């Protein structure tokens, strides 16, 4: 099974390369980069030294592959996407280009017409926890945004079970790798270190994906905190009727009992009582937790993940595993570290 | 003017010593410590090397002072507080002991009877922005909790101007110094570093202070993030009528125009658009920002401060300055650093 | 193959559990803890949630195993070690107890008599790069200290090839996990975060191991810097004759060409030109680099590793793999992350 | 006294602005920036909000001032420096342009001819601890590099007292602000965070300044570690005769007894036993410590400072205070924070 990573010099792209180099069923044949054609992949991803001798290919030289994973940063034009679709039996898209299915919503949230609106409806949502069956046969997959994945996994069971109502509140906190390998002044260490930066106080594009997935309005904020990897969402919702923590635990357990990469974490003892991205770096887990404020008829849902893994590359590989009928955890067995 | 710091080995206590050593109108005469009697103060606060030769006094040896600032960590019994009140013309209390005025609320939030409930009503709220006039003559001052101060300053103008309604949502993020100089396993660097730890997913004692100050119910959470100093609150509230960002700016400006330590920060350009505690370390500022989600009838209020300064020792000194008629900024002129 | 981890609640112990749970040839049967008998292992190592249902066993209940890995923190008495040796065919000791072979050196560096000096000579050095052949048949293995491993791998080729002479200088920098899961006040996050703490300005116990391995005097210092995992050593040595960087590269390449876990990293371009522990967290690599100051007749040797992996648990598993004839990289395939 | 800061958008420049805004004897009249002419100074230095309404002036519009502090990043041509010299009675230069007095040394270390070699000899070394008398009348001052200042203050007494001999070893560790406000890919948070990056394994330009000041050859390395502010040097030197720690303490105390900004820190108890930059952020102290390895005839000297303060802007202000006859600590009273 020959795979290509399109846009392998970025952080999501590098993570894809790491996962595919170690994947038992995939031969990583091609990694492209617009800027770095001809240079060794390990020259920008030093963790891969000794693990691969691949060099970057220019995107124009991309040949035919069984699966192409798209990790380029920006919206590409229709011709470029058509070119990719021609060259691959299966396309797994990690950009934001095909996350929204409704062209009007795309315009509203991205401020521009989609260059190929007909494509929008042809991609399957790349979230195994909600679209596993469709993914088994999907030739086009769009992986959700990292914060959207966390929020959908945190709130999804409560919505599905009819426990909550009204506008959902999502406060996301994120590490710096989410800004990518070309962040500007705001990403300079001296400015970014140790900060709590509310870069999105009133709305974020990922809110559109959450609304699309859950069917509720979302009031979202996003704050950059000190971490390289990691996303955490703390969500609040009003309950339709009194809800106890026992009810919440039952809902989450029922929805996630068989999920290989979702763990329900809500404990009353120990140091790690609720989900924390710290211990998830490099793993594909999304930990989900909860709490109730019964006197206020409010519930709190929390989720944490590694934005480059379950929030990106790891989730894409999970989708690929499902699509090709491999064990769902292939190449994704790393447990995460403690302490770290 | 002779001052004493009761409980000077802790982080708030050390900050009080730093401020009073450099204060133009105060002679810091005594610093107590239960554990460290006889040792030099700079042996635990190394930033004070060369600035003071004071040694710790046993609390039992506390003599008469013009002002005593209480920074011991735990609830003390009635006799101990009576002893302090006898020895000082003015007491500024930085513990949580006298923050709530209602004994019943104290029981509800602290889970135990107050040892001297009659005292509760005798302390003035130590928040100049709301109690400046009372502070001019108050002999007993209770300084609010760090997160409460941030939330009250963030939401106060909106409540006062009748812009918001219903339950207030407060999502607090805090550095590790808030856990004090005797934190346990959870404060060990290897466990605490780089984390996003929701240690209070559904409620926090500071919520009681916010409710007392603002007269609204509060849904509060608190998360430890990577920082030593710093508290940030991101608050949400439902609007009673449509509110624009222009309305919000006007409200904040009007309330805080004359405040020496509150800055309104809500910009559309630059790296530091909303309040960030990072640049406030060591300063007494509380920066306040805001945003509107008009389509959801929700407003966002944000505040940041240094929990040991405006969230504790700095605020106490500001109250002391007011009480004794000194310039309100005496000893509090440090602007904070950039970058840091 | 049944294995036990003695002292599994600490950081090295937890890392051993993580590696053995995922090891293809080992069944982890027992994990002991003095304090936590009966509690789940994942209650202190949250990364293991979902990966193991093991609970801690009291040390006294340790039964017979094919291999016991000892990760308790402190020097135990002779009887305790005898008990362990009785219960295991193979003992891999990660404590400092058997790292020095000479009882007199032990007294000199640890300040006390060894409780069972006859044992000292019976342990093989647990460093595959220098003792691989002996390890194939060793029933008792003593894993070196993390900084010693880094320094020996950095300087070993230069000593072996006769390129350097005289006292070796070793400046070690280390993350906080090296202080273990029971560090005191100095390990509190507010004190430890962002520091550069020269806790050993003039000598460190690991210097004794380096001297024993390399046969040169060592002037060592150790500094705690901001990191949880990671050790880096920057070493200097005087050259016996003029040495170029080409000579150095040739020496390192010849010594480490066949080593699965040592990479020679000394580049003139890119962001990661010399070894950095940052990208090694969770991996078993020791990266080794170098530079020459020919006008001063000095060479610089640099090494980086994850102190809990190649500096401890990973190295122990590598030794175990060699001893039992398994592929040397079994269970140690994780490449490390970028960025992280 | 009217002052100008040339190059006020950078980190050193911003720190100069902060210090001069609060200086009792200076009126900060002009702050220049090539890129940001017309924009508010607090738009890039958010800590100055509320403290100054200054806007950036284009460098060409610099008028006549009593003192000009030059904090531009790069070597400027001879005409530009001549222009500055014309416009100011006193010039304090914080660039690297005039740190070396010997044009040949300049070529050797900077790889190019100095554009105005005649100027090199006309600047006084801006280090009060060694050049205080000359500074009282110097109209041209060149402030040393941050690592050079630390190393000179650490090693100077030992050299002056004839205690050490031969090549001096200097191992510098530095925070990210030393790379300035325009650092490239290597300064991106995701790459820089938590690292130990030996960016100068075998030599650094600051070594030339140390050699010039101390008259010994210097083997220097420099490592970036996780911090924004802060430089620490760990130096080693061979002793000419047996030296005890008591001898070292006596030497340092004698040299630095009257220095307002050098503290001798070398303790056997407590958490902060040797100099650490962590507690010096924003202060003008250089803490100096030491240790002896008598069995190896080696001594260790350690120094820590805030690279933007005693390593740059603070030191410049100290020089200015001396030059104009003001109290040497004017505007430099901040003690630093603990914890932070």
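For reference, chains read A, B, C and D in written order, and residue numbers begin at 1 within each chain.
The rule we apply is simple: contacts are C-beta pairs under 8 Å (C-beta built on N, C-alpha and C of every residue); 3 or more make two chains touch, one makes a residue touch a chain.
Only a predicted model underlies this, so the values are computations on that prediction, with no experimental measurement involved.
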*Hey, which pair has more contacts between C-betas, B-C or C-D?*
C-D
*From the options A-B, A-C or A-D, choose the one that repeats interface B-D, i.e. more than half of its residue-numbered contact pairs are shared.*
A-C
*By mean C-alpha coordinates, which chain is most distant from subunit C?*
B
_Centroid distance [mean C-alpha coordinates] between subunit C and subunit B, Å_ = 45
*Just curious, how far off is subunit D from subunit C if you go by their C-alpha centres, in Å?*
38
*Among the residues of subunit D, pick out those that touch two or more other chains and give their numbers.*
11, 177, 185, 190, 193-194, 226, 228, 271-272, 276, 339-340
*Mind pulling up the subunit A residues that touch subunit B in the complex?*
167, 169, 171, 173, 185-186, 190-191, 193-199, 201-203, 217, 219, 221, 223, 225-227, 230, 232, 234, 236, 271-278, 289-293, 296, 298, 300, 302, 304, 339-340
*Tell me, which parts of subunit A touch subunit C in their complex?*
11, 14-15, 18, 21-22, 43-51, 177, 194, 228-229, 263, 265, 269-272, 276, 279-283, 285, 287, 333-340
*In the complex, go through subunit D and note every residue touching subunit A.*
11, 175-177, 179, 181, 183, 185, 187-190, 192-194, 226, 228
